[in-house]
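Input: structures, listed below.
Two complexes are shown next, each including chain A; its partner changes from chain B in the first to chain C in the second.
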Partner chain A sequence: MLRFTLRRAASALLTLLGVLALVFGLVTAAPGDAAALAARAGGNRAVSVSPEALAAFRHLYGLDRPVAERFLTWTWRALRLDFGRSLVDGQPVTARIARALPTTFALNLAALFLACLVGVPLGVAAARRPGGRLDRISGFVCDALFSTPTFVLGLLLLLVFSGWLRVTPVFADAETGLSGFVLPVVTLALASLALVARFVRVCVAAALADPAARAGRARGEGPPAEIRRALRRSSAPFAAMGAALVPAVVSGSILVERVFSLPGAGGLLAEAVFARDLPTVLALTLLSAVVVVAASLAADLVTAALDPRTVRADDAPPRGIAP
Partner chain B sequence: MKKLALLAAAILLSACGVRGKSQDSVVRRRLDGEPKTLNPILATTDAEQIVLALVERNLLDYDEKLNLVPGLAEDVSDSPDHLTTTIRLRKDARWEDGTPVTSADVVFTLTTLLDPKTPALTRRALFDGFVRAEAVDARTARVMFKTVAAGRRDAFNLPLLSAAAWAGGDVATHPRNRNPLANGPYRLGSWEAGRTLTLVRNTQYFGEKPAPEQVIFRVVPETAPAFAALGTGDLDEMRLTAAQKKELDAKAGTAGTADVPRVITFDELSYIYFGWNNRLSVFADRRVRRALTMLVDRESIGRNLYGGLAKLANGPLPPAHWAWDSSIAPWPYDPKAAEALLDDAGFRKGADGTRRKGALRLAFTLSLGMGSDIQRQIVELAQQSYRKAGIDMAIQPLEWAAFAAKMDAGELEAWAAALNLDPNPDLAVSWHSGQVPPTGLNSAFYRNSEVDSLLDRLKTTFDKEETRALLAHVQALIHEDEPVTFLNVPLTKWGVASRLTNVRTSPYGLFLFWPGAAGWRTSATTGPIS
Partner chain C sequence: MTDARAALRRAGIAFALFPLLALLAPLVAREKPWVSGRAGETILSAPVPFDPDGVDLDRRLAPPGGRHLLGTDELGRDVLARVLHGARLSVAAGLLASALALGLGAALGTLAGWAGGRTDRAVLLLLQIVQALPALVLVIAGAAFLRPSFLVAALLIALTGWTDAARLVRAGTQRLRSEAFVDAARASGASDARLLFVHVLPHALPPALATLPYVLGSAVLTEAGLSFLGLGAPPPAASWGRALAEARNLLPGAWWCVLPPGVALFLLVFSARRLGDAFLGRRGDVQSRLA
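After this line comes the complex of A and B, so read on.
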């Protein structure tokens, strides 16, 4: 198990480095640099931009240095949790992220909680009578939710509940209190809820059809015990699903924050990409990648603990090599 | 802990129904992005300029007719040789901390702005030829230049930095960039990053105090939520799309809708166009370029895509500019005449239906920045029309940053864009042959020695009527050459809460002239505060 854990941790570290190098390369290779874009910030204006000012901007943020040197410098500083200054406003990236993170964390955690709170019972209920009315209806609703872009879903909810019915505030702030967060959380939760409900339904239905479940029923086990057993048997796939949910929710929150004008890390990342604000993009990518990789690692470890066969399979030598 | 306290306060405020100031003394405005800085010489985005317009007066301000009028300076005058500008500050101009605005602030601002280490991207070029600035006395500063420039007076539409507040430290990362010292009608009250920015009345302001006590700017990047907020009264103003204007018009036509925001439409200094890279063989002949214009039904675009709220563009200046030449008739929509022009130019239809001149196919790729649905529709309409005429135009949507970078580098074959102009734009920036990429914005690579010569003369022409005549000549020549297809001049559409009054417009928009939004009243604040 230790070997398995170490191997997974090393693989996670390599993934992080790979993600960073890839993002650095992509943003650097994309047309347009931060200086020219800052000058263009007022749109397509017929105003000449001073070449000296552009050079000063590039020098200030080290954009005039070789790409490899910039990447190594950034990585070295990042190891000491110094992510540099934003090319957009000159503020420390850490401070910008610290301001945005609480909103994103609160939004994501609340959405995940709500998705599980509704999705798991819904999936279980649908699994108890596969093909029944509830299964069909929930399947249709989940498919519709899953295929609706988060941005569109959020906009629809906002227009109906805030613009038309006026039961929720348009903006979330100190004036509106928690009620302002209802729609963003629900929007983000709905897409994940569909995934959770369908996944749980499939796993539980399979577990209920298992000979062990039939044997339990023959022994006189009631429905609650039956469901508990089915859920226990599905815990390894559930852990994998949890890891898969994290990136979906993180990426969904970028759109939700934009629709609901929430100053979160998602909006910050989108803005940074468009402005070619590399230090902010890299820091947020690192953060996001750490969360996703950690969730994946946690899922692997939980799965391994629940089902040791996965560890044995992983530790087995490649075919063709004698033990 | 701080977050918890904030959360608790939010819940408490929500429960008590407390909304702070009386709604009538507050104006709620939209920003489509977070200001990156409130350092007035580094500011570039609309959001930054809009906030700063209420916080900092300029030495000279534009009035609503775009004349330069006294702001912080009671007088800005040139020496007879136009190499020295003398600035005389108002006696009563003060910073929000009560200290006077002095010539030391003028010198500090100009020295900082012209410092090679300062990344003042858009303002520095206006001071080309700057030698030095010096204080003559507490209220008088003198600025010396080594070259003459007729458009230099516009450079003094310049906000100031307080020498005391900004001294020391790097101007690009100075803490004051998020907490500027005001000399205008409002000062910064609070700034909740990414969410709201609140301005409160500046009691030290020398001029007429604004009527609303507060202006709350809210960052709302997307237009649909902003429109919902305009409907609920959470926002008092926003720029509208054609569809949103139509919706408000429809609501306004319904009985019992006194609270429906009203729509204001006005001309701005902008136009939309198709750019042609004149270096490419397909665009080298002006008959081809004229034909490309005459194949686009711009009347129909104005009628159908802009709801009738767009004029035809006829050249490099839009109708809102004081020197626009109304006698130049826009090229007509005339597909038959256009095809005849293409035939004359030697581009004849081949077997595949596409026009050719020898081995040269009349085919190109037109790029456009993503984000404007109307531009996309215009391009698609043009594509259909061009196809019928035997022109093969491919459409390439690009992310805006990539699009702008390629346009600035002169790498695009053809492109669709909107161009915004300043009150007294230097046309040389876009049309002089010495301003081709990568140094200038003449991305069409337009070259006409007569136009160059006129643009050079304009730089040293100070007489307004002479300037008008030269500009008329430039417009006529560019119209004849049609280096780009000047399409339409869409009117700006703004939704304004019915409770707001005295909302005036200018060709420079609603905010960047004086008094702009500082002159707004609400239903409860009918008069100025003295």
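After this line comes the complex of A and C, so read on.
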């Protein structure tokens, strides 16, 4: 188990380093001069900047150093959570992100909680009678949810609840308090609900069809005990589901924050992208990768703890849901 | 069997409507009449007699009905004409990105499965790295530093979407490499290329090809998200994602600017996923792809 843990952790670190190199390479290889843009105060092309000022700016932000050196410096600083200063307002990137994170975390956690609260019972109910009416209906609803872009879902909810019923604010801010949070959370939860419900349905249906379930029925177990045991037997795949949910929710929350103009990390990313604020974009990209890799590492370890066979198995257990 | 075939035909026809719509949009929605008289008078106008870029500031935000079947947006452009033309962008982006993703995935999967060893591990690491980034984050980060355009968006989406195809093709190639008929072909002196292209790939590729509709669906979703964030194809090209971003600021009014592009996006992705289900002969059971 210890060897397994160490190997997984090492592989996760290697992955993160790869992410760093990939993103940094993409950014440095791209055309466009961040210094020229940023020195013009956010890309105002009407303002002309003297070459000396540009050079000073490049020097100030270390943009005149060789690429390899910049990468190493940046990686070393990133390890100490120092991402430099934003090219937009000169504030430390870490502070800007720290301000935005609580909103994003609250949104994502609430949405995940809500999705599981509804999705798990729905999946179990559908799995009890595969091909039954409930299974068909929930299958269709999940299919429809899979096919709806998250931001369209958000806009539709806004249209209905803020436009026609007028029960929620159109633009959330400090004054609207929690009521402004309801629609974003519901939108994001609906987007991940389909994944949870379908996954639980598949796992529980398989667990209900295996010999262990038949043995339980032969012993005279009632439906509640049967479901409880089926859930327990499928707990290892559930961990994998958790890992698969995280990237989906992160992607979704960028769009949801934009739709509802929430001041979260997703909104910050969109803003940084428009201003070509290199340090902020890099830091946020890395942060999202850390979250995903940590989730998948945790899922692997939980799976291994629940099912010792995975420790002995081949070095690459499938992550997420195999097609 | 015949049942499955009928389902496949239905799903195929439903999906094919969208490329058809995309091809015909310039003909169906245009201001220039189909047939005009010698003096320039209209004899037969197009079904939707408006250009997608036809700004008409006197008719801003006209509700549906009358001359504008689905109303007009904040610049007085006909919503129906813009939705019809928007299909071109979404369909093209979906087709191009998914084809590129499959090609890339198939190439890397074959390489990893056939070569094995160090090459295999390198490809697997690359796969892990790409999967560690939420697709939208990677695409946004890329789009931020390249000038937003249709091609850039399609390329970036392909760069994030190749992993499933690569996994499938790699597994297939690995399994087939040690099959008896491949050994037999090798023993009779077939070259590596012949082994691959004649004996292995015809069996290893179909599972990945069958996922094309799903890849296409999620490519369309990602492109729309990118356009919604303002990082897709630049204006004035009609795009469903950007139309929705513009409509956001009009809420809570102007629902007719939100519903048509939203429903169009949904139908395109839904029909693509249905086609994928029909290919795989199952009814939305296991699939779990998100944007």
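The definition used in the following text is that the second predicted complex is superposed on the first by the 288 of 323 C-alpha atoms of A that agree within 3 Å, B and C clash if a C-alpha of one lies under 4 Å from a C-alpha of the other, contacts with A are read in each partner's own complex, and residues count from 1 in each chain.
Simple rule for what comes next: a contact is a pair of C-beta atoms (placed from the backbone, for glycine too) under 8 Å apart; a residue touches a chain by one contact, two chains touch by 3 or more.
Just so we're clear, the structure is a prediction, and the values are computed from it rather than from any experiment.
In the superposition on chain A, A:Ser251 makes contact with chain C only, not with chain B. When both complexes are overlaid on chain A, the residue A:Ala100 reaches chain B alone and has no touch with chain C. In the superposition on chain A, contact of A:Val152 is made with chain C only, not with chain B.
By the document's definition of touching, of the two partners only chain B reaches A:Leu60; chain C does not. When the two structures are aligned on the shared chain, A:Glu52 is found in touch with chain B, with no touch to chain C.
Legend: residue contacts after superposition of the two complexes on their common chain; A:Gly216 is shown touching neither chain B nor chain C.
In the overlay built on the shared chain, the residue A:Ser162 is in contact with chain B and with chain C. Of the two partner chains placed by the overlay, only chain C lies in contact with A:Ala144; chain B stays clear of it. In the superposition on chain A, A:Leu14 makes contact with chain C only, while chain B stays out of contact range. Where the contact sets of chain A with chain B and with chain C meet, they give residues 30-32, 155, 158-159, 162-163, 166, 170, 258-259, 274, 276. On the side of chain A, the complex with chain B involves touching residues 30-33, 35-57, 59-60, 85, 88-91, 96, 99-100, 102, 155, 158-159, 162-163, 166, 169-171, 173-179, 258-264, 267-268, 271, 274-276. The residues of chain C lying in touch with chain A in their complex are 124-126, 128-138, 140-147, 164, 167-168, 207, 211, 217, 221, 224-225, 228-231, 244, 247-248, 251-253, 255, 258-259, 262, 265-266, 269-270, 273-274, 283-291.
Within the complex formed with chain A, the residues of chain B that make contact are 3, 6-7, 9-11, 13-15, 18-20, 33-34, 36-37, 44-46, 49, 116-122, 124-125, 172-173, 177-178, 192-196, 218-222, 224-225, 227-229, 231-232, 234, 399-402, 404-408, 417-422, 425-427, 429-430, 435, 439-441.
Put simply, chain A touches chain C in their complex at residues 11, 14-16, 18-19, 22-23, 26-27, 30-32, 139-140, 142-144, 146-152, 155-156, 158-159, 162-164, 166, 170, 191-192, 195, 198-199, 202, 244, 247-248, 250-252, 254-255, 258-259, 269-270, 272-274, 276, 278, 281-282, 284-285, 288-289, 292-293, 296, 316, 318-321, 323.
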